[in-house]
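Going in written order, the chains are labelled A, B, C, D and E, and every chain counts its residues from 1.
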Amino acid sequence: GNENGTSDAEGPTDEAVEINISAAASLTDALTEIQAEYAKKSNAILQFNFAASGTLQKQIQEGAPCDLFISASKGHMDTLEGDGLVVTDSRKDLLGNTLTLIATAEKADLITGPESFTNDDVASIAIGEPESVPAGNYSKQTFESLGIWDQIQEKLVFAKDVRQVLQYVDSGNADCGLVYRSDAMLLETGKIIVDMPADSHDPIVYPAAIMKNAAQPEAANAFYEFLQTDYAKKTFEKYGFQVL
Amino acid sequence: MLAPIILSLKIASIATVFSLILGVFFAYLINKKNVPGKNIWETILILPMILPPSVTGYLLLIALGKRGWIGRFLLENFELQIVFTWVGAVIAACIVSLPLMYQNVKAAFLTIDPIYEQAAQTLGSSEGKIFRTVIIPLAWPGIISGIALSFARAIGEFGATLMIAGNIPGKTQTIPTAIYFAVESGNTELANTLVLIMTIFSFVLIFGLNTWLKNKNYLDHKGRA
Amino acid sequence: MLAPIILSLKIASIATVFSLILGVFFAYLINKKNVPGKNIWETILILPMILPPSVTGYLLLIALGKRGWIGRFLLENFELQIVFTWVGAVIAACIVSLPLMYQNVKAAFLTIDPIYEQAAQTLGSSEGKIFRTVIIPLAWPGIISGIALSFARAIGEFGATLMIAGNIPGKTQTIPTAIYFAVESGNTELANTLVLIMTIFSFVLIFGLNTWLKNKNYLDHKGRA
Amino acid sequence: MKIYFRIKKKLDHFTIDLEYSFEKGVLVVQGESGSGKTTLLNCISGLKNPDQGRISLGDLVVFDDTLEINIPTRLRNLGYLFQNFALFPHMSVHQNIIYGIKNSPEYKNKKSRAELLSYSEHIMKTLGIHHLKKKLPNNISGGEKQRVALTRAIVTKPKLLLLDEPFSALDRETKKIVYQEFASFKELFKIPTILITHDKKENEMFGDECIYIKDGVIIGCPTEI
Amino acid sequence: MKIYFRIKKKLDHFTIDLEYSFEKGVLVVQGESGSGKTTLLNCISGLKNPDQGRISLGDLVVFDDTLEINIPTRLRNLGYLFQNFALFPHMSVHQNIIYGIKNSPEYKNKKSRAELLSYSEHIMKTLGIHHLKKKLPNNISGGEKQRVALTRAIVTKPKLLLLDEPFSALDRETKKIVYQEFASFKELFKIPTILITHDKKENEMFGDECIYIKDGVIIGCPTEI
């Protein structure tokens, strides 16, 4: 039941439904802005559950209610699809992102690009933990394609998510780090140095899909479509995502 | 911003009440009734303290989710869904704060001179009445310490709650979850405000419990007078 | 797999020792010496319990980091770097477990009949000697409960540790961190093994403390005999 | 009512081996310090268990090791004044005194409850502790405590009264008053009583029978010593 | 050494208003239960403070409200037998007895230490508590506790001895022995002593002077009552 489903007076008159959307935490700001706009068009109630994609994946696997899932990585969606929990037709790579090198204010001048990783000026490099954080995995691929993975082992600090990388660099404790461009926009003192070449790692995609046991597949689909309108695209771009 | 505050208070209060009941119950059972396997029971009780909260949350998710046997049982028989509801948050908060309550109450029970229970027995009191009128009042300092810590832990609980109850603004988003994501997304102002609110709560809690404790105190710790 | 185990034990042990010293010190100061502002001090002490560990970790990162005044001071004067080292993990673990130690010891102090301190005074004992020979031994159950909880919290500490010490395998990766990443990356087998190891630790801890407690107990709780 | 006890109990330095029975009135127990008097009362009250023996109060066998009977203290319906009083420290003098009354079945009946309560008021007044009604036991004098403990033991009008040196902390003036009251209590309710005392005069005044214990064994009657 | 006290202290039901001095020997204090005897000892020992007055032990003023002198208990160099003994429950009988000795400066000197310890052995033997040396106070009888408390108070050979009903829990046989030992102690060390007792005989035996207190005021000497 949706006992707290008080519908807006001027909204459309059809019955208010509740849509459960599990979305990667990095999308919080963008989706919250889109939600406000969507409320003008539909009286469906959007119940966002924001968390790390891995957490969301586990929750869905254990039967948590979810109509639409927007993951920050291909792998988590693949797992769910493998479990047969995803409406395969609905799966789509909604967004893309770029891996970006950021540097702490003190070292911003000394760090110029990938060539700086092996430089003695760089004492520490923060990245996401490769096994569990998608961005960490992309970072590792980048280092491997540069052929310096073994060389920089001593400098690496593994974070539990991209935002932690950001905090390490922004607070001056790690000299540089690799984050998504959408995250890099939140830097306060740190500097964006340069984007990593797109071919140095697997494509960064945010797949989305309707879930098989969705309670409100139609309403979820309606919102899913709204996410692909020009308005939504503009909003995502504003927050640093690429729209695919 | 009001929603997470109210929700947090509700969840923490209910969780603390349950944790109090369970903590006192287990402390009594294990320490006063001398059930066998004391060390094993205590190990199980302290585990939620030792495991990372997100692991505790994951285990709860597995047990209470639609596929878990408890979750299925509740869903099929009572149409009660726990995952992604505040009930789930209460369960998570209760479980992570139970070790605190248990240990505090246990320590309090162990410092009570058995002569008072004996006196109550000679005066014809049943075990239940001795528990209510002698053991509990003499254990107040420890119980209150347990309440303080449990409430603090419950209202601050985040990892396990996030896993089982999710982070659904207006529905299951608690203050710590809100703080966490505010910090994560660089919303320093909101984070600061929420931290301040938490601090005020702590103060009120500590103040209230200390006042209560003072009223219940029968020993004179004020020194010479 | 051995490195995180040894590291966790080292960090948790050192953190517990410091937390014990600080917890007992503050409990004595605030409750026995009646410093003013008791409620405010206690609020500050309990805050690390209420704030999400990652927030505590973030605040520590800011204070102890290269730009924080404590961090800079230590770095410039002692060439001591705290962030991304096991020392940082000790500090984080100590701070999050201090509220547990404090509350437990406080409760224990409050249940000691002042007559024993008075008797010790008439026998010529200084304050320090009374503390050592009367207050501490009579507070054992509470102190041990505090040690158990603090050690559990310290060895299980994850959010704040991760933030300040980072997750550098072989250098700052602790068991909970390893468990967290094992669970996150779906490495169930490793996660299970590590959880089992944690469980064994808890058992040894509980068993040891209970045995110690038994030896220190001067009250007869065994019932009729 | 016939009170019978046969008790064998090994202590650290000697073995208690007593057998005695008396029909009514006051049995005075005398004996050297540490000879087993308090242990005897503890066995009769059920707070300690003999290794071997049998204890019966009238028709009721409350302990028999061969029959494996061991009726819990609270069902033995007795009044026990402990040598160290054992007043509940968290209850006022008045709460201590009516604590046992509240357990009696007569408390449920309105009329007999009023009687019990007015009787307790009467005793408090005659023993000169009525003005202490609201005080906590920690805040009254030694002799006052003893009178409160005596009152608490007798107001329930138990089937058997156990008094462990009930007048030892009283001055001569107060003793006179308490003696008088105890004599009229004895006269009025004729409750079989075991009275431990070191005072010859008290034996002469109240003792209907007497035993003298040395190292756990009855060696006669004090007048013969 | 001249002991002088002038004490004014408001209690709940009356005001203590005493002035007295004596040069040496034993001052016996008698008085009704609750008349303020224990409070007097507490004031002299510094465990409680008079509202007004002056207390001096020889040349040393230990309390004077107008001069704002209030020397802490531990520096007053006294031996105090508490009415309820106040034996440290976590220390063995022997540890209790030598606790005060260890604080004395003589303990540092090897020879005088041996003397002190052998004296304590002697007292334990003559008072018949030597075989209890290793027992905890909770595991000995009432009269045994009293003898341990007496031993603890006197073995330090203090400058002033405060004894609150030191013989009340003893049987006649044991009393005789303890009397004898106390008499020879008195003879040997000539320590000024305040002895609270309700026993005329003890006054006659040990009292060099005596006062009788009623409602906090000296009203004469017991022989006159």
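Criterion: a residue touches a chain if its C-beta (ideal position, glycine included) is under 8 Å from a C-beta of that chain, and two chains touch if they have at least 3 such contacts.
Quick caveat: nothing in here was measured; it's all calculated off a predicted structure.
Q: In the touch network of chains, how many steps separate chain A from chain B on the shortest route?
A: Graph distance in the chain contact network comes out at 1.
Q: Interface overlap for chain B and chain C, more than half of numbers shared or less than half: same or different?
A: Same, since over half the interface numbering is common to both chains.
Q: Ranked by contacting C-beta pairs, which pair of chains comes out on top?
A: Here the largest contact count links B-C.
Q: Taking the mean of the C-alpha atoms as each chain's centre, how many Å separate chain D from chain E?
A: The separation of the two C-alpha centroids amounts to 30 Å.
Q: Could you please state the distance in Å, as a whole number, between where the Cα atoms of chain B are centred and where those of chain E are centred?
A: Distance between chain centres: 49 Å.
Q: Between chain C and chain E, what is the separation of their C-alpha centroids in Å?
A: Distance between chain centres: 44 Å.
Q: Between chain B and chain C, tell me the centre distance in angstrom, where each centre is the average of that chain's C-alpha atoms.
A: 19
Q: List, in ascending order, every residue of chain D touching at least 2 other chains.
A: In chain D, the residues touching two or more other chains are 46-47, 84.
Q: For chain A, write out the residues touching at least two other chains, lowest number first.
A: none
Q: Tell me, which residues of chain C touch at least two other chains?
A: Only 58, 180, 219-220 qualify.
Q: Under the stated contact criterion, what part of chain B meets chain C in this complex?
A: Chain B residues touching chain C: 31-32, 34, 38-40, 42-43, 46-47, 49-55, 58, 99-100, 103-104, 106-108, 110-114, 141-142, 144-145, 148-149, 152-153, 155-156, 158-159, 176-177, 179-180, 183, 191, 195, 198-199, 201-203, 205-207, 210, 213, 217, 219-223.
Q: Looking at the complex, which residues from chain E come into contact with chain D?
A: 12-13, 30-34, 37-38, 83-84, 128, 131, 135, 140-144, 146-147, 164-165, 168-175, 198, 200
Q: With touch defined as at the start, can you tell me which chain E residues reach chain C in the complex?
A: 45-47, 72-80, 82, 84, 86-90, 99-100, 103-104, 136, 138, 152, 156, 162
Q: What residues on chain A touch chain C, complex-wise?
A: Answer in residue numbers: 52, 54, 79, 124, 126, 129, 131-133, 156-160, 164, 167-168, 171-174.
Q: Please output the residues of chain C touching chain A within their complex, sorted ascending.
A: Against chain A, chain C makes touches at 58, 61-62, 65-67, 83-84, 162-163, 166-169, 180-181, 184-187.
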